[in-house]
Every structure is written in C-alpha cells, then in structure tokens.
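Chain nomenclature is as follows: A, B and C, assigned in order of appearance, with residue numbering initiated at 1 for each chain independently.
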Amino acid sequence: MSPSTLGDGARTSRAASPNPLLRRILVTLALLGAVVGLEFGFDTLVPDVALQQLVLFALVNVVVALSLNVINGMAGQFSIGHAGFVGIGAYTAAIVAGHIHKALGVDDILFSNSFIVMPAAILAAGGVAAIFGLVVGLPSLRLRGDYLAIVTLGFAEIFRLVIATAQTGGDVEGPIAKFLAYLGGQNGYAGPDRNGVPQYAGPFWIFGAAVVAVIIAWRLKFSGWGRALRALREDEIATASVGVDPTRYKVTSFVIAATGAGVAGAMLASMRNGNPTVQPDQFTFAYSFDAITMVILGGSGSVSGAIVGGVFVTFTVKMIEQLQRFESVQALQAAYPSLDLNALRMVVYASVLIGLMILRPEGIFGEREIIRRKPRQRVSHAPPEPLPARTEAEANPESETGPLTGKAEK
Amino acid sequence: MAMKILNALITGLAQGSMIALVALGYTMVYGILKLINFAHSEVFMMGAFLGFFGITALGGKDAPLVAGVGGTLLAMFFAGLLGMLVERIAYAPLRTRGKGKANTRITPLVTALGMSVLLQNLAQLLFTAQYRGYPQLLPIEDTRKVIFISAFSVMIALQFLVHKTWMGKAMRALSVNIEAARLMGIRTSRVISITFITGSVLAALGAVLYCLDQSQVYPTMGVVIGTRAFVAAVIGGIGNIPGAMLGGLLIGIIGEMTKLTAYSGLQDVLVFTALIAVLLVKPTGLLGKASIEKV
Amino acid sequence: MKTAHPTRKAPTAEAGKPLLVVENLAVSYGGIKALKGVSLEVRRGEIVAMIGANGAGKTTTLKTIVRLLPIATGKVVYDGKDLAAVPAEEIVGLGISLVPEGRAIFANLTVRENLEIGAWNHKNRGAMDETLEDVVRLFPRLGERMKQEGGTLSGGEQQMLAIGRALMARPSMLLLDEPSLGIAPRLVADIFEAIARVAQAGTTILLVEQNTRLALKYSMRAYVLRTGEIAMTGDSKALAENEEVRAAYLGG
C-alpha cells in the first residue's frame, strides 16, 4: 500500500512497464479492496473498541497533519489556527449528514447508505473549508509570515468564540442568530433532532480518506507545483523573477490545506462510535498546537513525517487518557492534586519542540521520506520545472552576510 | 445611559492602560528582533501568580501598602528574570546559528509558541488549574486610580529610557541593523536581554494591577489578556512604543463599551476582528511608520 | 582609553611597522569558498587599497577582519593580537572601525545620536564632545543636520555620517568599504579628501574600492583581489601604470 507505487512510481516506471494504465488500475483496485476489507474486517482485526477509536482518530489526525504540512511545511507559511478549518469541516459535515440521514428515514446506520451521506458531507465540508481557506489565505498577499500566523489564529478563535458564545436559550432574532443558536453554542451540535450526528464514517471512509490524502500529498510534493512552492519558500524574490507568481501559490496552498482539514473534520464529526456531538471546545488552540507538533516532529515538508507525527501525537494523547483510568495513577493524582497529566504532556511536547528547533530544526525526517523516490526519467509530459530544487546549502548564500551589505561577494 | 457610558469610559481607560503595559513588551521585542514573543502572555500570567504569592506572604490585607508595593516589586523582579531566561533558552540559540538554513523564518515562531505552551502548562502543574482570589488591597475606585497613575508614569519612564539613555539608543540602533550595532561595540545579546527584562517587568506590573482589579488569578489568564495586549500592539503599530499605549487604551475602551451592549460575550471576537481588519487595511498600525515588508 | 586624536595624531615612532597582518585567510559560506588564502599587510600610517571586480572577496575580507564572518583557516593579527577569539563587539575597542558597504547608518536615529552611538566604547562626555567637533569640522554638512533623522540624509551625507560615526570611536585603523558607491560624483571628491585628511592625522586606512582610479590615486600601496585570491600587489603608482591592471580595471 505504499504511496509511491501509485504516486510517482507510476510515472517513473512508465518506460519499464509495458502497460502503465493497467498497473495503475490494479493498484487502485488493490487499495480499494483493502479499505473495503477493513470496513468489514476491522472488528476482527482490532477487537478492542477503545483501540479502534484510537486507530481511526490517528488516521483523521494524519489527514490533519498532511493538510497542515502543505502550509507549514511546503509553502513555508505558518498557520497556527488549523483547528478552525477542521472545526468548520466538522460542523458542515454534521449538518449535512444529519439532514440527509433524516431525509433517508432509516434509523440504522447502513454501510450502503453511507455512500449517499458521506460523499455529500465530505464535499460540503471540504468546499466550505476551502472557501474559508481562500478568505484566510488572501491576506498572505500583503502580510509577512508572522502576521499571517496571527491572522490564522484570529480566524480560528473567531470561529470558535462565535459558536461558543452564541445565545441558545429563549428567543433569538435574525437569521444569523437563529443559525448560531441552532449550532448549539457551548454544548455543541448534535444533529437536526439533537439525538446525535449520524456516524457513517467507518473504517472504509476513514482509511480511504487517509490513503487518498497520503497519495495527494505525495503527488503534490513532487509535482512542479510542489517544487515551485519549495523554491518560493527558500527565496521568494529569485523565484518570482523566473515567473512564478508567489501570491497564487500561497493562496492555493491555503485553499488545499483548508480543504484537507475540512475533510478531516467531516471524518471527525461522523466517526463511528466517536463523539456524536460536535463541540466548539474540540477546536481550541490546543488542537492547532497538536497539529503543529505533528508536522514539526516529523519534519516540515515530509509526507512520511506528517504521518508518523500524526500517529504519534494521537497515541500519546490517548495514552494519557488511558493512564488516567488506572487506579494507581488516580491514587497518585489524589495525593498530588496538581498532577495534571495532560499539562505534563504539553510541557514535554513544548520542551521537545523547543529542543528540536534548536538542535534539529528540520524535524526527525527533515524533508526526506521513508520511501526513497526513484530518480525521475525524462518524460515528455512531465510538469514544467520552474526552478531546480535547491538544496539547503545552496539555498541562499547572500543571506548569510546579513543586513549590512545586502549583497555579498561570492 | 450617559452616566453608564462615562463609567465604562473610566473603567476602559484603567483596563486599557493595564493592557498597554503588557502590549509594550510585545512591541519592544518585535521592534528589536522582529519576533512575536508568544511567551509574553505567559510571563504576564506568571507575574500575576508571583504577585499573588508575594502579596500573600507579605501580609496581604493586613498590611496593604507593604504587601502591595513589596509583592509587586517581587513579581516584577522574578518576571524579569523569567523573561530573560525565556530569551536565553528559546530564542538566543537560534540567533547564533547560521542563517540561510531551511525554515529560518518559522523556527523562532515555533520556539515562541512552544515556550508559551510550556509556561502555561507548567503553571497548571505548579499551581493547579483552580482560580484563586486575589487579596483586595484597595477599594475598587482607588484601585483604578492606582492602575491609571502607575501605568502612565511607567510609560513616561519608558519613553525616557528609550529616547534619552545610552541603553535606549542601543536598542533603537539594534532594531535597525544588528550587525552595524555590533560594529559600534554594542553587546547585542546584553541589549536584547535587557529588552526582554524590561518588557517582562512591565508585564508583571500590568499583571498585578490587573489582578487587583479583576481579583482572580489562574493559569490560562495569559491567553485572554495576552491576546488583547498583542492586538493592542498591532493596532498601534507593532514596534512603536506610543502606538502600544494608544492601542491598549483603544482596546480597553472598546472592550468596556461592548459590555454595555447585548453582545458582551463577543468582546474577544471583536478584538480579533479589529486585529484582522487593521492588518488587512493598514498592517503598520495606526502609528507605525515603516512599511512591513512582505515575506 | 585612547587619548590620541584621529585628526591630530602625529605618526608615532612605530610608524612603518605592520599594524594589521592577514595571513592565508580562507572563508566560506554555504559551501562556497569566498576567500582562498588571502594574505595582506597594512603598516602604521599607510593608506592601502584593495581593488578587484565585484565578487572578488573584498567585502568578505573586511567583514572577516572585524569578525562579522567566521574564519575558516588562516590568521588575522592586529597590533600583535590574534583576533580569532575576539567577538565582533570588541573589535572597535581594539581600535579598528569599519565603515560598512552601503553605509548601514541607523536611519531612525538622529545624526547626533548616530554619532554618539559611534562613541559607544567611551562614554566620557568631554572626550566625546571634542571628537564630535572634529567630525563636524571634517564634514560641516553633518553639523547642519544634527537633529535630522539619519534616514532623511542624501546618499553622500549618509556616507559622511557613516565615516563620522566610525571616527567617533577614535580608531587607530579605519576600514572603508566602497565609500564612493552610489554617491553623487561631486560628493565623492569631498569624501576622499576627508579620508586623506584623516590619514594625514595618523589613522591607518584600508580602503576597499571598486573605483580603481580613485583607489590608486589616494592610496600608497594596493592589493588586487581576484576570485578570492591576491592576484597582484605593489605600489599604487606602479599598479596604475601596469598594463594588466589598466586593461582589467582602468578601462584600457
């Protein structure tokens, strides 16, 4: 199930394999078979419900990390409000799925019906998140990285606060206020009849989303678009001077990342056996910070890194929840009331992140991947290369001389 | 109604001058290092706790003057120390490392963010998440006067420091060109440390004043006030000291005014909206001069 | 503290001894070798020029001498002291001032504040005021603009301010990086006359200049740098008549 087989492997092997189309169809069928198999075999494979949850949640987080990686890793921008996009996707998907489920009139969550509900929910979630991504990405036209970071945080907080502080009880006037009241304020949204969001996203959908996300991320990274983005990150002026429009690339990266986050949100909202209520508190800054940790731990710009980071962070979060169920841990907490395991986790993460930035700023993988990409052969319809990919060393010798002279002698 | 508005104006001024004290820390650091010191809000929170412990230890309500002044000074001292440590641990090592490496723009943002999360959760571990009541040292009207007067005298002192002293000249020189400043013999790491110390000391003063007014202290308090203060700094023009003061007052007054309307819960939504609006329309803020370069 | 004065200091008995010795200096950034073993020597009281094309390593040499760039191999010795372990902040205290390329004045500080910052190393007010008067005598234009912000000055005035600021530290040795760059020709002559006066008063000067004609006219000796190496050295007058130099740098 390696992404490279479908990603660029397909293109590089074109010369070797006599029928690349056949090969591609076979790989797609194999993957499809795998996720369908998982849908029905997951219960046998992973009998423990808590562990099932954990695996599904980890996969959603992989999608979150992969999408954030487009902005933070590839584009070299810095979003600290990614939870906002996930939240928008989750609310949108919950509303859409809830209403379609109601319209279907079948109380049971049928796998066959999920093919009606989920595509609609995913499309709506991705689409609405993409629109917000465009809105948030547009300021990158005129803002430096750190200012843009603040805009993303501001956006995510506005989204969360508007929903959380909405008046729900009593009479509310106006369409906007009514809509906000409908979303349930601090208590969250639990479907049109307030009996829970229908949980159509089983292993098929969540594994499927993760696999598709990995493939897209991989292809993006090694496409001409991905190379242009990397070149822009290293030296915007030089890249712009060879005809790459920085604005378009940056805004597009925001839209792509937001779409991915929206889809992850859709999965989160309708995850089987998950939380049937979408709540504003799921999408605080803490979640955005977790997403940043996933990307940076693994290595900004690395697809494998984002996967490893997403899985690792999810497991540690859940592990701490599990730990707190142990009697010995509860006894310890009774003795030391200030022992907040989650706070401890955050302290550790933050320290690791700081240490990593100082000692190994490129993360565990750097930009590398676990699977080496085969060297590309010249293919006639390969995407144009706007700039040769630059190595770190040759990135920008001028900048080392600092602001004193502006230009260095080489 | 008019009376209500007047009252809100007065409260807003007091709140605003306190926010301005915190905003100064953001603006000074940004002015010199072009770095958003996300950890500043948590230094503010730590300052509030330090003040709480200091005031309680020095007798609290039984000796309002000694406890108030002594506790505040203690908080300022240790917060200054903390601010310096934050810089030395999280930011200084990045400066000495070679430039030109990948993600040089992002790394300081990540460490700043990490420092902020670290301090906040450390406070949860050390002090628990509970809210603690601050000792009421003065009647509330007097507290507001104290806030207003001390905030303004501190700001005047700061203007003096920046424009009339050698250290101030060095800070301003550093903010333009750090290499040229080194050529003049300015020990840049020392000046940067002093900038962090000054900002943190002011944040601690703001924190104690804030708590005397709002009478509660808790580990996540830095997020709310820190955000408002940061927005104040940006609105005024980040890097610009009078701008931070103006921005602080504006945020304070706007905040109190919203409380008069039906949308009191939306105060922070309004703050963020104002921030985004300012960034989009005039990224340099109200008093900022130099244009912000794009990435 | 040095009590000798930049514009009045008479050549000492030690005149003629090497003040700055650069031995086999190599510097590289980002994998690119900018200097490949540069050796040069500046004796007390001399004006030495370093000429060469853009990118030959002239600015790199100066920045390495003042320790803004790390030394890969080789040695920089000033007044008998190895500078390898000296941080950039302490260079000015030893008596070396660099007037950086592009001037690098503090645009948001007034002219007076810029000059005062130049005297950061000795804040003895009396001595500072005296030096300030000397700088104003050297560049009367600065005197008229004391309260103006540095950024509002013209390019030539900024260059005067940058040189004045360097002189405020009362250096024994002044390093100048492209003082004529981007300056109105009328002011270039003024600036070089001022440099000559500073030298006359006993300050040793190492001058980097792309304008080869000017550099050879005002210097006693010169080094020709080519792609990170010393290609030629000798008397400025002799170099000005050298066929190769004429062809490469003086336009025939």
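Keep this in mind: a residue touches a chain if its C-beta (ideal position, glycine included) is under 8 Å from a C-beta of that chain, and two chains touch if they have at least 3 such contacts.
What you are looking at is a predicted structure, and each value in this text was computed from that prediction instead of being measured.
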| item | value |
| --- | --- |
| Centroid comparison with subunit C (C-alpha atoms), farthest chain | A |
| Chain with minimal offset from the mean of all protein Cα atoms | B |
| Chain centre separation (subunit B, subunit C; CA means) in Å | 42 |
| Distance from the mean Cα position of subunit C to that of subunit A, given in whole angstrom | 54 |
| Chain centre separation (subunit A, subunit B; CA means) in Å | 33 |
| Two or more partner chains touched - positions in subunit A | 395-397, 400, 402-404 |
| Where subunit C touches two or more other chains, by residue | 29-30, 68, 100, 104 |
| Shared interface positions of subunit B, touching two or more other chains | 100, 177, 179-180 |
| Complex interface listing, subunit B residues touching subunit A | 34-36, 89-90, 93-94, 97-103, 105-107, 109-111, 113-115, 117-118, 120-122, 124-129, 177-180, 223, 227, 230, 234, 265-266, 268-269, 272-273, 275-276, 279-280, 283, 292-295 |
| Residue numbers on subunit A that touch subunit B, as the complex places them | 72, 76-78, 80, 139, 142-147, 149-151, 154-155, 157-158, 161-162, 165, 233-234, 236, 246, 285, 289, 292, 296, 300-301, 337-340, 343-344, 346-347, 349-351, 353-354, 357-358, 361-362, 367, 392, 395-397, 399-400, 402-404 |
| Parts of subunit B lying in touch with subunit C, wherever the complex brings them together | 100, 166, 169-170, 172-173, 175-177, 179-188 |
| Of subunit C, residues touching subunit B in the complex | 29-30, 66, 68, 88-93, 97-98, 100, 104-109, 113, 116-118, 120-121, 123, 165, 169 |
